[in-house]
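Heads up, the thing below is written out as structure tokens.
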Amino acid sequence: MANPELFKDLSSRRLTWLRFKRHKLALASGGFLIFLYFIAAFCEFFAPYEPNWRNPKAIFAPPQEIHVIDSKGDFHFRPFVYGYSLTINPETWVREYTQDPQQIHPIYFFAKGQKYQFWNLFSTEHHFITTASGQYLHLFGTDKLGRDIFSRIIYGARISLSLGLIGVALTLVLGVLIGGLAGYVGGRIDNLIQRLIEVLQSIPTLPLWMALSAAVPVHWSPLGVYFSIIVILSFIQWTGLARVVRGRFLALREEDFVVAARLLGASQLRIITRHLLPSFLSHIITTATLAIPGMILAETALSFLGVGLRAPVVSWGVLLQQAQNFQVIVLTPWLLLPGIFVILVVIAFNLLGDGLRDAADPYGGHQS
Amino acid sequence: MTDYILEVSNFSVKFPLIKRGLLSRQVGEFTAVNNVSFSVQRGSSLGIVGESGSGKTTLVRAILRAIDPASGSAVFQSQAGAVDLCQLSDKELIPLRTQMQMIFQDPFASLNPRMKVADIVSEPLVIHRPEQHREHRQTVVHMLERVGLEADTLHRFPHAFSGGQRQRIGIARALILNPSLVICDEAVSALDVSVQAQVLNLLVDLQREMNLTYIFVAHDLNVVHHFCEQALVMYHGSVVESGPVKQIFTSPRHDYTRLLLSAIPSLDPDIKLSPLDRNSLSLE
Amino acid sequence: MNIDTILSIRGLSVMFKTEIGEQLAVNNVSLDMKRSQTTAIVGESGSGKSVTAYAMMRLIQAPGKITSGQIICTPAQQESFDVLQLADNSNALYHLRGGLMAMIFQEPMTALSPVHTIGNQVMEAILTHQTVTKAEAFELACAMLDRVGIADASQRMQQYPFEFSGGMRQRVMIAMALVCKPQILICDEPTTALDVTIQAEILALLKELKKTIQISLLFITHDLAVVAQIADEVIVMNQGRVLETGSVRQILNDPIHPYTQNLIAAVPGMRQQDRLRPVSSKPDSTDYPSYSLIPLKGDRQVALPVSLVPEEYRL
């Protein structure tokens, strides 16, 4: 039976969490994303190699499978992979790598491997997984320069995922400020802002982004390019959010509890911070969560086309640029793996956003 | 000399009709309240009755300056003397807010769902008497008890309460600063009959204890008859009848009042409802 | 079962799942609807009256679930059947809703589709249940709209709901409900959202229609005065249970259950009274512990133990 007493003491945040918990998919997506962001935050530790390190013994090499039982049937407590042996296919004259059961490369966890700088703070050699020196581990294969795809995807996660977050944060600030102003003040300012939004939204986005991106000076550091991409993407995205915020403010302004606050003599600032903002915060968070995949896809698209981030910066879009011809599908399909990650992350964010949206209004069904 | 706490004269509220285009233009206006005049005696209850579209809610919200009137005056006898509410700026109105308050119709929409009850009821104190913050909690508990709620409601949120209880929270919020004029904007219309009775009884008690003057807006004539001494009947923005409640009910003068009275169903199954035919009356 | 009873509910229970647990909105409810009479279900919010009506039409959806009970319907010159036993998507269920049983709702604006014309919607109701041509359906629709008091029916058929006032929309809903000649009409608080003058017109219309069409009305409301005007039989519900049943005069002039007595006393009337007596309807109130309905003299029932019922009412 229902426990109405328990219900009474719950704050709106608890209620939202309770409703959110019912969406198993959203919960799982949330967990998945937290996991990915964690890995991206510590990417130097989790990736066995640096993103630009080349292994001359493995050019366009296929992914290595993990085994515990070797060709002789012995069980190894430590999992391992087989090294490559290079053969030339007599029919196609193409270099092929096959897995050589004679070369056993054990996998070590939390062991010393390549040296790296941890967030530019200190240098260390410990990695989550690595192999002995002279041996190699390519779980996702290598690209045309022998770079480990697995490591590059992990490093790329840091760029792609953080870009989504920071980009949406910037969009949020712009959208809430400008949209809130329009909705709360109304009148001519509202009119002006709306027309501005309409003009911006009518410009085709991809050509605009490409043009702005091409205007970024070539000599800028990768970090500079990174932030300018964020600014460029947010340049249009804020308009959508501003519209949503404006609509919400307009509706909220007429709510009885806002009128009551005005009649109590509350100042405008108090009304905005105490009454209006908390009411639409959950709505805005949901909208922002659903905007992140858009950001990620946009950056991926730009980099894929070559006008976004460029080497040596590694993002999933930059990785996909290597996979632009159809030969990839037949010969080296593992180069498409970054795309799978983009898809998974986008789906995860969408499911999370759906769950948040359903949970965000806990008062919807409880009015008796 | 009758002590009038509020004297409203030639009060009108108009809404602009906007034509949407590249540049929005005003093409006309809609008169929601048309040249209304009335007075309220201190300590009494004035009922304002009307159906939807009569302008009664617009009238009282404009008196409190939640919306701005187009013309007219509303002279309020504040603690500092007589002031015309229509002439004051928003800033000048703020200190007066402690003396006139409103109780809203919808118990679910009139309380901020994300604020604890303690914060909701103490908000007027925080705004107007911030220096006395140490006494706030005590005042809030006292007020909640007066409206029939226990102290443990303090840390709960509005959704934990029923409609009637929320309405009591709204009453506590409105009365905590001891106003002299309280406007009840359909304050019991959204409540169940039994709860409505409880809240009406509470309002009567509080009026006696705190010497309040009520302006009671309602569409239910029975409630107005029970609760008020004087009443106004509004139709399409104008006052069509005013006077003592009993007189309005026993000898109505305007056709609309007659129509309204004939439409009220009686609790006695043997008194059959025979509403007047709208078309046979002159309603303007 | 009595041939005078067109609908009989026995032991109906409906449960709702919320994120804090399960709640019984309707708790072991039994009631009868007499043929060609107006039965009113009176209750406050949370009494389960609307849920009961929705269960009658098999309109309960997740998170609600009918957990037990029977709804035996005996249409004129036909066999009785249990509404709850009908298979989903069966023909019988299809013809029940709108055909045998029709419903009008509280909010006419949300019950009518804003993007279809009035004529379109009324004709849809006709064409769903009768095999007639479109032209014939048009004629029938016009006739019905005229019958419910909408002037210039053929022209107004082309208009959209937003062009109608609240009272007119309610008339349209009544037309849509009656156009297939149902034997049971369920009215779920149809006048609650209307002004009192419009309410009077709608009530007059319903009474007049009932005189000329052979129909059994189930009227759900919280307003006792409306019950006094329109009902023949009254059922009082509270917290998902039936507390008292009887004729309208028995219930309003001579109530037995303390809840009913308090409810009547809480209605402000033209009586001279300083204070209204409030009613308590708290969920776990010890005032009204649950008892089963017992039959009394004069074909009425009350949910009290015999010991608490005054002598003159007992069988």
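Read from first to last, the chains carry the letters A, B and C; within each, the first residue is number 1.
Heads up, the rule we're going with is that a contact is a pair of C-beta atoms (placed from the backbone, for glycine too) under 8 Å apart; a residue touches a chain by one contact, two chains touch by 3 or more.
Because the structure is predicted, anything quoted here is derived from the model rather than measured.
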| query | Comparing centres built from CA atoms, which chain ends up most distant from subunit B? | reply | A
| note | Busiest interface, counting C-beta pairs, is B-C
| In whole angstrom, what separates the CA-based centres of subunit B and subunit C? | 33
| message | Between subunit A and subunit B, what distance separates the C-alpha centroids? Give it in angstrom. | response | 53
| field | Distance between the centres, which are taken as Cα means, of subunit C and subunit A, whole angstrom | value | 54
| query | Among the residues of subunit B, which are close enough to touch at least two other chains? | reply | 163
| task | Provide the list of subunit C residues touching at least two other chains, using ranges where the numbers run on. | result | 45
| What positions in subunit A touch 2 or more of the other chains? | 7, 366, 368
| message | With touch defined as at the start, can you tell me which subunit A residues reach subunit C in the complex? | response | 1-4, 6-7, 18-19, 22, 365-366, 368
| task | Please give the residue numbers of subunit B that touch subunit C in the complex, ascending. | result | 51-52, 163, 192-198, 200-201, 204, 219-223, 225-227, 249, 259-260, 262-270, 272-273, 275, 278
| Along subunit C, where are the residues that touch subunit A in the complex? | 18-23, 45-46, 283
| field | Complex interface listing, subunit B residues touching subunit A | value | 23-24, 61, 64, 66, 93-95, 97-98, 101-102, 104-106, 108-116, 123-124, 127-128, 155-157, 159-163, 170, 173
| field | Contact footprint of subunit B on subunit C as seen in their complex | value | 44-45, 166, 195-197, 199-201, 203-204, 222-226, 228-229, 248-249, 252-253, 262-264, 266-270, 273, 275-281
